[in-house]
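Structure, as structure tokens:
Chain nomenclature is as follows: A, B, C, D, E, F and G, assigned in order of appearance, with residue numbering initiated at 1 for each chain independently.
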Amino acid sequence: MEYVYAAMLLHSAEKDITEESVKNVLDSAGVEVDESRVKALISALDGVDIEEAIESAEIAPTTAPATET
Amino acid sequence: MTENVAEWKKNEVSEISSKIRESDVIGIVDIEGIPARQLQEMRANLRGKADLKVSRNTLLRIALNEAGVDEEFKKYIKDQAALLFSDINSFELNRIIEENKTRAPASAGDIAPSDIEVEEGPTQLQPGPVLGDLQKAGIPAEIDGGDVVIKENKVVKEEGEEIDALLADMLSKLGIEPIEVGLELKATQEDGVIFEPEALEIDEEEYRDKVVRAYQDTLKLSIEASYPTEETIGKLIQKAKTDSVKLGYEAEVLEPDILKDIISDAKKKAGSLASSLGSDFETNENE
Amino acid sequence: MEYVYAAMLLHSAEKDITEESVKNVLDSAGVEVDESRVKALISALDGVDIEEAIESAEIAPTTAPATET
Amino acid sequence: MEYVYAAMLLHSAEKDITEESVKNVLDSAGVEVDESRVKALISALDGVDIEEAIESAEIAPTTAPATET
Amino acid sequence: MEYVYAAMLLHSAEKDITEESVKNVLDSAGVEVDESRVKALISALDGVDIEEAIESAEIAPTTAPATET
Amino acid sequence: MEYVYAAMLLHSAEKDITEESVKNVLDSAGVEVDESRVKALISALDGVDIEEAIESAEIAPTTAPATET
Amino acid sequence: MEYVYAAMLLHSAEKDITEESVKNVLDSAGVEVDESRVKALISALDGVDIEEAIESAEIAPTTAPATET
């Protein structure tokens, strides 16, 4: 998940999420960066409104519960 | 004041007024109608929390005067008044007084302190003339299988109505004790402030709700401001994880943690499409 | 989701899921393939048991709780 | 399920779902294509709003556990 | 939340979460780091098992099934 | 609510909640203290188990997952 | 949580929430004040609309899993 966390960090700090910035953050955390995963992340995030994605409750819950007990 | 004023009165007044000065909280209560024996019990129940002083109203007034208590306070002395001396705050004092109230059977001429209701169900009474008396008193009684039973719930006296002798007798036969016996608080005086009992009623539920709300709102602020505390760090971690998973899911970021959900979701979607395509595709594959 | 469906198709057809095979399937569907996402997919699948993920869908299925109403 | 997955792949890539395209996808995945099933699929899909079919799945279906309330 | 995300990133990358490492990550993201917030974070994390905290999240509210592994 | 917050502060700091301590806290916050409200608070809290109330809050009500959107 | 309670107290009494005022309140409650936590609080609250933060239902669900311990 570290790639997504990097993106979320940048997002919540209101910084641009670019290959560069994601790589920087991962680097600084001591992560051995896999360029293709960074590229894939950026490309996946392209056109996604993060705020909206997080809020759209529809998604996450779908899977979750059951586990309840 | 004349020289005829009995010595005991002077002593009584000075004793009362010094108790007034020594106490944080003074209460005025009405003890009218409380039998001596029960008054004794109440005194015992209050021991350690409040002292009850019964005296003549005039003496109580003089004592309050001498102790320099606000004029206003004296107006609560009427009927058969007594003073309470306490170091417990007025709210708690009021609560203790309420808690010490007991129930007693009604006597002819008593006023119903609240609606008096009989409840549906069996009674301990033996069939006999009592049945007619119950009915005469307005209690819906009947014989059922050799027992006297009450047919239905019924309010037999409304609050404020006088209870007649027959009903009083019947209620006591049924074991219903409608009369509240206890000190009736008229007012307290504390730090120069006079409280009437209505002001002293505390809704603990309401405070409990406030406690809960204060806690929840504080948690919310801590989380929203992402200011971690012992109580909220776990929730902040969860929020970070949850939001990240949501984003990953929504944006289809292909990371193992998220991919599992995406696959599971893809399967679900394909499954539901299959089922809307008919049994042919529902039963599916491999053949 | 097309990348995931490509993987699921291959899985369900009992074929190996490789960069090559995923790309082929996507290509054949006329999808403009983003190599980095294929790579990311393959690399992510390394840690995922598809069978298990599918089963979790069958067991705890949909739900999508709260969302209703 | 591979026929359905092929359809879903095409759908999520916003491609037309035709006998041709489904066959292509399956072929490219190395599946031995059964023409009659492809035909059956296409004909079954006729008149089905995939988006709706998918969504109806997400909301109601299976267990819908006790999560509510 | 950027402070928390920095911690999560480090955790997910299996790196130690220290004042130093958190600061580094935030720095690299171009965040103007407030030392006191870093300290507060580290002190709040003291004694917290992140993995456990995450799992407890998975049971209840949103996320995904507890499939983890 | 400031009276309740004063009490909660004291509770969370593991200090006794007394007329004195509540008054002190409110005073220091610049609140003009109404003695009778302090008295009412103390007396009411005498019958409320704060710890228990908090715990019950955490389990049930808080959730409000009605976030719907 | 006593630091946050102090902030909530000041907020509900409509007083300014400053390092000074928070410290005063905590002091008066007999809390041994950790300056850096006060600073972190003030900085975290910077730009946060408390009323809004409290109302934002979004958070509530997160709280749910009393599982904590």
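Brief remarks follow.
Methods note: contacts are C-beta pairs under 8 Å (C-beta built on N, C-alpha and C of every residue); 3 or more make two chains touch, one makes a residue touch a chain.
This is a predicted model, so every value here is computed, not measured.
Number of steps on the shortest path from chain B to chain D, with steps defined by chain touch: 1.
In this assembly, B is the chain whose CA centroid lies farthest from the centroid of chain C.
The interface formed by C-D recurs in A-E: of the pairs listed in A-C, A-E or E-G, only this one shares over half of its residue-numbered contact pairs with it. When each chain is reduced to the average of its Cα atoms, D sits farthest from chain G. Rounded to whole angstrom units, the spacing between the C-alpha centres of chain A and chain G is 29. With centres set at the average Cα position, the gap from chain D to chain F is 57 Å. Look at where the CA atoms of chain A average out and do the same for chain E: the two points lie 14 Å apart.
Rounded to whole angstrom, the centroid-to-centroid distance between chain D and chain E, based on C-alpha atoms, equals 40 Å.
With touch defined as above, residues shared between interfaces to two or more other chains in chain A number as follows: 1, 5, 8, 37, 40-41, 44, 55-58, 60-68.
Shared interface positions of chain B, defined as residues touching 2 or more other chains, are 214, 216, 218-219, 226-227, 229-230, 232, 234, 238-242, 244-246, 249, 252-255, 257-258, 260-261, 264-266, 268-272, 285.
Those residues of chain B whose C-beta lies close enough to touch chain F in the complex are 89-92, 95, 190-191, 193, 195, 199-200, 202-204, 206-208, 210-216, 218-219.
Those residues of chain A that touch chain C in the complex are listed here as 34-41, 43-44, 57-58, 61-67. Listed in rising order, the residues of chain E touching chain A in the complex are 1-2, 5-6, 8-10, 12-13, 15, 21, 24-31, 58-66. Partner chain D is touched in their complex by these residues of chain B: 266, 268-278, 280-281, 284-285. The residues of chain F lying in touch with chain B in their complex are 1, 4-5, 7-8, 19, 35-36, 39-48, 50, 53-54, 56-57, 61-62.
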